[in-house]
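Mind having a look at this structure? Questions to follow.
Order of writing sets the labels: A, B, C and D. Residues in every chain begin at 1.
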Amino acid sequence: MRRVNAGDWVTLYYGEKEAYTVRVVPGRRFHTTRGFIELDRLVGVELGSSVETNVGERFVVSRATLVEKLLSLRRFTQVIYPKDLGYMLISSGVGPGSVVVEAGTGTGFLAATLAYYVRPTGKVYTYEVRKDFYEMALENFRALGLQEFIVAKNKDVREGFDEEDVDAVMLDLPDPWSVVDKAYASLAHGGVILVFVPTLPQVERTLSALRKSGFRMVEVVEIMLRKYKAEPAELRPETVGVQHTGYIIQGRKL
Amino acid sequence: MRRVNAGDWVTLYYGEKEAYTVRVVPGRRFHTTRGFIELDRLVGVELGSSVETNVGERFVVSRATLVEKLLSLRRFTQVIYPKDLGYMLISSGVGPGSVVVEAGTGTGFLAATLAYYVRPTGKVYTYEVRKDFYEMALENFRALGLQEFIVAKNKDVREGFDEEDVDAVMLDLPDPWSVVDKAYASLAHGGVILVFVPTLPQVERTLSALRKSGFRMVEVVEIMLRKYKAEPAELRPETVGVQHTGYIIQGRKL
Amino acid sequence: MRRVNAGDWVTLYYGEKEAYTVRVVPGRRFHTTRGFIELDRLVGVELGSSVETNVGERFVVSRATLVEKLLSLRRFTQVIYPKDLGYMLISSGVGPGSVVVEAGTGTGFLAATLAYYVRPTGKVYTYEVRKDFYEMALENFRALGLQEFIVAKNKDVREGFDEEDVDAVMLDLPDPWSVVDKAYASLAHGGVILVFVPTLPQVERTLSALRKSGFRMVEVVEIMLRKYKAEPAELRPETVGVQHTGYIIQGRKL
Amino acid sequence: MRRVNAGDWVTLYYGEKEAYTVRVVPGRRFHTTRGFIELDRLVGVELGSSVETNVGERFVVSRATLVEKLLSLRRFTQVIYPKDLGYMLISSGVGPGSVVVEAGTGTGFLAATLAYYVRPTGKVYTYEVRKDFYEMALENFRALGLQEFIVAKNKDVREGFDEEDVDAVMLDLPDPWSVVDKAYASLAHGGVILVFVPTLPQVERTLSALRKSGFRMVEVVEIMLRKYKAEPAELRPETVGVQHTGYIIQGRKL
């Protein structure tokens, strides 16, 4: 039997279709379309029990998953989808103890995911040239409780990475080809570069840069996810959905 | 500058197309199509340098990635692909410290991946009814150095799981619907079930069982990966490829 | 140099993004979001020249394509998409001179397409149990000028097809399995059945019925179409799109 | 009850998995892996009955479909798949009576398909620069009985098309961008260009050329087809399959 502590992340469910994910910050009031809840009232509540809003609507209190937490963060940049994040994670082998360099930070979505997985002994170094994004990301890292695993830098990666001998470099930039050689310099032998870009001309330019910088075992993949209508008697893919996010380019320093 | 230690996993590259992944077990001899290498000779070698086989062919010595290690294991069961593993990992939120139950073990591919990510404080409990698979998996866990994070059981899951309050249950079984209620009992509130099945009638039966057992937020997805020809001037998806692995079904205990 | 005749179908273009397809019925007035045009004024106009609406906006007058005509018809039932229609056409070999049976008529979209291709010597027999759909379809066939190639029947196909020795039977029904044996009876030796259904349980039931009725060379395919952003410097699939229409099941009477 | 005539195309089936498509040319002997058949013996045979090879194996005699005929032709160039052909047909509206220009002829696969659909009053003009392909295609057109609907030319399309005011131009060339302006000149107002190319850099160059030549309503699509295992109890996409053929680019002369 687990209870909610101050600072925990919880998801409040109203039926199957409506859910809110929030960090339990004492003293704050949380607004839903069905009234508000004083977050103080959540502290000590047993997971699985329900709470009432000021207008008497009942929500079930549950632990928030990683994805729910990430998606509840303030963001003003495009995020990488779970289908792409998961593949980047597994194929890079980034896990507990890994040292990773990432750019650009944006809202911090990718850096936070990586930090979650390199815990407790690894580290994520993340670069962002825009001051406003950098500050937003810092706030997000603190909200997620991941700040100790992340070193965020407000710097232009075109000037190079400060880290050496890293396990992986991940790039989510409009012009990744301009820093591919810096990534090569920063990687340990055997290290992996992973680049995420939305358009095909970006793929072409990145491929050329990877070859020129000496990367080997270069691969390009595209991952498509279709959500199905989850009714046994009407099983079929949803009619309309996201049919493109981006391409994942991978290379090894060998 | 890193060097190879006894017990490390390395990948030996011959150009871009040929690679062998092996654990450096002193006293063993490793055979390639280009001659053999006494593994003793790899100990102390610097990563990135090259070694010669008995017939004079040179291989570059590099660290093995997670996927390379997994794919080099002895196996006689179908494995789950990185595209599916990654999505299961991210959408379950299984990470360092998580407690996961998994069945059936098979060769141990899924359990090993989960163990890699729950390190160093989490645990994977894996069930396998067949004695031969169970023993093969134990051997694979030891080879990967992941045995301390895995509790393998030679038991039939239709008799239930011994664990309670777990974060996630992952099922890769021919008849997952027969243990869905046991999974529900084993999960903590807010916990996630993830089921991987290759056929559509299996999806339909699993969906019905999930609803009956009380799971909520049920989702079905299919993930398709296309590998591209990684030449900037001829960029296009490979003509022939794997176009189906299976469906991922997800539910929450809420 | 071609000119517009009364009864022709034309498409009126306003830039690249806005287009209206209309049959030039003398005496009618056609409304757009940029004012109206008296259709009488289109008769005799040269294709490629432009006409003005009552508020002075200019549209270029062009021939309407088959798809533009079909999509401009009154419809209250789901239509089959070009990607699926085209495959059904080619893989059935239905072409000039073919005799085809089709059910249910719905708005007449599939029957009209088939009629267009069996011209001038073939025939399409189409069945519809609902009186309102049947009458709407008749009106659509006349508007398209295809009525002489179509025999529409307001009958329940569960009572069987009147035609024998036909080249192909195409079914777009909620319960195609209930008429598969009637389709078999109606087909010539070597004839083809094509069934379009949106859900997977429908595929399963149809497959069972096809086998039981004696169909051979049974195939199931799914066709996915992705539209790309047609800008050379930003080439990539559109982010959101139709990711599912239905499954095409095929069989031969051999 | 239909019978086989000399010159007809038939498909000989041995069970579900083995089939041969052949034109019944009297005096010829047709070899299968199960013995040969003197084609004279097929004349007058009822469709649906069976014939014996010289070693006593029995084949069922059936009408050949369009696709079976096309695939049985001699070919040494890549063909366009039914999924792509069908979409090109429907979205161009090419049908009975249409006048189409096509290049390069290659084996004649696309020209023959178009000729089949423009019968009996339309015409296909097809250009091929290589003499050997041109002659092979002529032979194929005659074998299919489609020669009267096709005008084949052994000419380089970079010198322009001889036809004017055509309904559609279809290009299956390595460098379509070099003739896009010639295609524009050849098309009637409202006419459609359709280009099929396998790689993405080809798409980019073709898009630029289409814009420069004045084409409007430019679209790029990709069509993916997955074949399913047609067993109701094991329904799922085939594991391995063709996952890429090419991209279809479309434009209108408006």
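We take it that contacts are C-beta pairs under 8 Å (C-beta built on N, C-alpha and C of every residue); 3 or more make two chains touch, one makes a residue touch a chain.
Values in this document were obtained by computation on a predicted structure and should not be read as measured data.
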{"item": "Interface residue overlap between copies chain A and chain B, same or different (over half shared)", "value": "same"}
{"item": "Between C-D and A-C, the pair joined by more C-beta contacts", "value": "C-D"}
{"item": "Distance from the mean Cα position of chain C to that of chain B, given in whole angstrom", "value": "47"}
{"item": "Chain C and chain D: spacing of chain centres that average the CA atoms, whole Å", "value": "22"}
{"item": "CA centroid of chain A to CA centroid of chain C, Å", "value": "45"}
{"item": "Interface hub residues of chain B, defined as touching at least two other chains", "value": "200-201, 203-204, 226, 232-233, 235, 237"}
{"item": "Chain C partner contacts - residues on chain D that touch it in the complex", "value": "2, 11, 13, 16, 19, 47-48, 60, 62-63, 65-67, 82-83, 85-93, 95-97, 113, 116-117, 119-121, 165, 188-190, 192, 200, 203-205, 207-208, 216-233, 235, 237, 247, 249, 252, 254"}
{"item": "Residues of chain A touching chain D in the complex", "value": "200-201, 204"}
{"item": "In the complex, chain D residues that touch chain B", "value": "198-201, 226, 232-246"}
